[in-house]
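Sharing a structure, written as structure tokens. Questions coming.
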Amino acid sequence: MSTITENTQGKCLLEVSNLSVAYGKVDALMNFNMRVNEGQIVSVVGPNGAGKTTLLSAIMGVLASKGDVEFDGSVEQCPPIERMVVRGLGLVPEKRELFSSMSIEDNLMLGGFQRYRHGDRSLNETLDEVYNIFPRLKERRIQEAGTLSGGERQMLAVGRALMAKPKLLMLDEPSLGLAPLITREIFKIIDQLRGQGVSILLVEQNARAALKLADYAYVLEMGELSMQGTGQDLVEDPRIIESYLGINSKHQDILSI
Amino acid sequence: MDLDIALILGQDGITSGAIYALLALCILLVFTVTRILLIPLGEFSVFGALTLASIQAGTPSRIVWLLVVFFAFQLILDLYAGFRNKTPFHLRSHILWAIYIGLVVGAMYFLPLASLPMLIQVLLALAVITPLGPQIYRLFFQPLVAAKSLVLLIVSIAVHVALVGIGLLVFGPDGAQTQPFSDAVYQWGNLAVNSQTLYIIAAFFSMILVLWYFFGKTLYGKALRATAVNRVGAQLMGISPIFAGKITFAMAAFMGAFAGILIAPITTLYYDSGFIISLKGFVGAIIGGLASFPVAAAGSVAVGIIEAFSMFWASDYKEIIVFTLIIPFLLWKSLTSRHIEEDHE
Amino acid sequence: MKSKYLFVGFAALMALSPLILPAYQVTLLNYIGLNALVVLGLVLLTGVGGMTSFGQAALVGIGAYSTAYLTVTEQLPQFLMWTGGSPWAGLLLGIVLTVISAFLVGGLTLKLSGHYLPLGTIAWGISLYYFFSTIESLGGHSGISNIPSISIASYALDTSNKMFYLIWLILFVAIILTKNILNSREGRAIRALKGGQVMAESMGVNTFRSKMVVFVISSVFASISGWLYAHNQSFINPTPFGLQMGIDYLFMALLGGVGSIWGAIFGAGIFTMLRQWLQDLMPVIFGNDGQYETIVFGLMIVLLMQKAPSGLWPMLVKLVPPRFKANDLHTELTEPTQALPAGDLPPKGTLILEAKNVTKKFGGLVANNNMNLKIHAGEILALIGPNGAGKSTMFNQLSGVDVPTSGEVIFLGEKINGMLSREIAKKGLSRTFQHVKILPEMTVLENVVIGAHLRGKKGVWASLFRLDREEENNLLNEAKFQLERVGLGDYLYTEAGNLALGQQRILEIARALCAHPSLLLLDEPAAGLRLKEKQALAELLMKLKAEGMATLLVEHDMDFVMNLVDHVVVMEFGEKIAEGLPEDIQKNEAVLEAYLGGAA
């Protein structure tokens, strides 16, 4: 099973080199290297506490970091979040961060705020596109975001991020707390988005779904890269189970997942 | 106490209450969006009033030079940041500011101030004071955008202290009153309703209407609400807290100055009258739990009315009564919260 | 250099000043001393306790007016006749009135979140100022004059020089008392107020009471300052007791450094001298007599907050050569006189904690759904599950941080859901935190001994006058014992913030052990630890289990958990999906599905 392939197909959109993040004395992420190319879905999987959310936060500028993050051709040391958004990077964070007391439509329209501020007045068209992808949101457009179910909140969070027409959309554990049926729906939509030209960086604990979808994938363990390869290769690799459930887990009989 | 006196006091109470409510609105706005308690709000009111008085007297107000001084510091700090931290330096916006300030200074010194129509005089005063808001935010609060709320409160108080001194420097120790908007007095039964009172109430409701539209229907207004509801979420939408802060402070400076201009014909204001007035706005805001405007507005009007009646019955104790009004609310809040607050933020 | 020598040296220097300096400087030093006394209280209140008050000036006013009224009024009311108008009675009256006010105001505002306290203090500060200005018997705006001097025996302190000694003597005594209380059981509870309240409550500390203690002490200092001021001036009016002065006191504290005792004196000194200098300078620059120094002070404070929020004193201390720095800041431990009260642990196998159908809803979201589990003495149980499963929420229901929507949590036969965490701590439940909650500037020993808070009894008075030394020694020895037990015996006097994360987690366990609990709740104890640290932790937990401790841990690290625990409970979507021995769990289909995900 070859896991030494590098992610070199296509034009590079995001390149992370030697990224390290420390919380006080704890090294949350150490010398991480990664690449996302245009039109790809790249997945980063790993057990809880591996550093996946830290990775996304560092790329977005929410956390301070050492190393280089080159997005769409330019490198800037610790830029404020707002600037990354303007440059075309979108993040759907683990906690969703919706505006609970505001309506679905308001939440979505705010997603396009940066475009509006820079003179783009075609937000309504984008809104219709988002409603096409998530018809359930359209039904509930005037409802307050705080009253939505888990799955609907996730859809709203993704839809809101799409309103900005990002070049690269980063999703932090989209399946978190969602029932398997809804998770399947969300992943189908993520697949669709790739078809529509959105590049995606997907961070997930749900390894199987994330790997099946990915063009390329990285496995994070304890802040360090432990494996990388195409999604196809990794989903069949037994070492994935080890990294999740411990070395002593007897996994022979369950290889046939 | 007969009905006539009660009506007069009631009118006084509602008049001041409406002003306090406007100020409470400013305080709530600034607090929810930026977590800053805008103690210097009173100074905006007083500066607005005294600038108008100066214009009406035909003397160019030296307050415009404060705009210039602040702008100079702003320029220096922005250039330094651009050089040191490589934050982009927005040349266009600085040029626009410079032009605006130039126009305002020019208007102050070259227009025939005393003979301008009242509306233009008011607009000029507002045009001078409003930009002080974002300037003050940029110079004093922007570097502290992630600071703990206690630090923000201390800086707020320090800015207030400094502004009072600046007020003395610019406007002198004498108080001033401006000309009323109109001399009309209306009879309503036995009560002589002052037209200024009507202006104040009309202004209050118009402001509510404008703000309702702004926050409810425009994307910029929604962006400010979003910052208040979820700061991180707003940042992820590209709404920076600094941007929100500047807009909010501009609105607060405008409304504060406007409130000052509204009461200037009725009361004599001095360079240091701002604090007590804004504190009464704070009482209203606290009654609203620092969150709900309708309750804060109702509370502010109640404060105004109680103050008016206390003035009649026990004028010496007027201030004590007003400030101890907060105590029942603090007590109520105290009894209904079980949570141990951590000082993190 | 021993801190005692530094202190005595400074005291001696001050004692000589009136003999060398001209009258003007002595007067200035008197003002500095008076201000420093109030600022000292503010350092305690704001710097240590984290509570901002703008009302200290009003409290000074209470002290001043009480004594002025008592000593000047010719016809005192019946119940005050016995005092004979003595200044010392004035001191007592002032303190009594101030303490009552502190209780009233503190009771109202100290329970509130951050902003209400300062706003509340502004409100009553202003009210009191107007009160002083309007009451006829207090002289209204013109105040009270002809206040007699203080006499000790029959020696009247009627000159600046004589008052100097009284003022600075009282200030030094106040400093000593403040240091005493901060280095005690009460003091640690107070020091935990800033940034450690949740942790302190879980160790049994009544944080509200601690806040009141600090508030009252600072108000007493203010009152005494007012008393000294009144008799020094022999004339008072309301002006120095208004909000402006209240703001000034805070500025003094900030200038010096709101967290340090000596910063209080330094800040008071700098501010007072600077103001004097500016008041002389400004009229020269501006040509008239306005109070322009406020502009300078306002801008200075803003700059300070932006660049050096901890004040100037800490910066100054850094410049002092090490030879002159105090190096004996730790209490020396001696042999303990007796063991601390400690009940026996329940015998192995006893049911310690039981969760019965615990459900927690947040609005429409069901975070925990009918969760059941049992923990017995001498057992280690692990609660595991993927991200978002509801483990932390469950942990909070069990530890008392949160209240279940329905269901019961029963500890040693007693229902504990809904109890305050400090009440639960009294029952014998102790915990650690997912994000380590320690006080980084205190030593390891001091951090750990907070865990023994409930096993000590000495309160405020004992701490002030150092009557608690024996109990304190016993408490510290217990902490030392626990630290040696967990393997951190070499780090007793290290600043807790300097430890590695793994060591800090073990510190938290030592702290929890100091409470002599029967159940230990550990929240992700292995998170962020290196392999060796995890091994040490596992050994410690095994040792405790052998001694009969019941342990519940929430964890993600499978290797760590599977090799250590007796029993595993797996959660997903707020519910228990599997339970049993570690080996069985690792083979369980449902568990694998939960972690690795279904085929999507």
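Read from first to last, the chains carry the letters A, B and C; within each, the first residue is number 1.
The criterion applied here is as follows: a residue touches a chain if its C-beta (ideal position, glycine included) is under 8 Å from a C-beta of that chain, and two chains touch if they have at least 3 such contacts.
Being a predicted model, the structure only gives us computed values, none of them experimental.
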Pair joined by more contacting C-beta pairs (A-B or A-C): A-C
Centrality ranking, top chain (CA atoms only): C
Centroid spacing, where centroids are CA-atom means, of chain B and chain C in whole angstrom: 36
Averaged-CA centre spacing for the pair chain B and chain A, given as whole angstrom: 43
Whole-Å separation of chain centres (CA-atom averages), chain A against chain C: 42
Sites on chain A at which at least two other chains make contact: none
Residues on chain A engaged by chain B in the complex (per definition of touch): 60, 62, 76-77, 80-82, 85-86, 90-91, 93, 97-102, 106, 109-111, 113-114, 116-117, 160-161, 164
Residues of chain B defined as touching chain A within the complex: 86, 219, 222-223, 225-226, 229-230, 232-240, 243
Chain C-touching residues of chain A, taken from the complex the two chains share: 23-26, 28, 47-49, 146-147, 149-150, 173, 175-177, 179-180, 183-184, 187, 204-210, 212-213, 240-241, 244-250, 253-254, 257
Chain C residues touching chain A - in the complex, by the definition given at the top: 363-365, 386-388, 500-501, 524, 527-528, 556-559, 561-563, 573, 583, 586-587, 589, 591-592, 595-600
Complex contacts: residues of chain C adjacent to chain B: 50, 52, 54, 107-109, 111-116, 118-120, 122-124, 126-127, 130-131, 134, 194-195, 197-198, 201, 207, 243, 247, 250-251, 254, 286, 290-295, 297-302, 305-306, 309
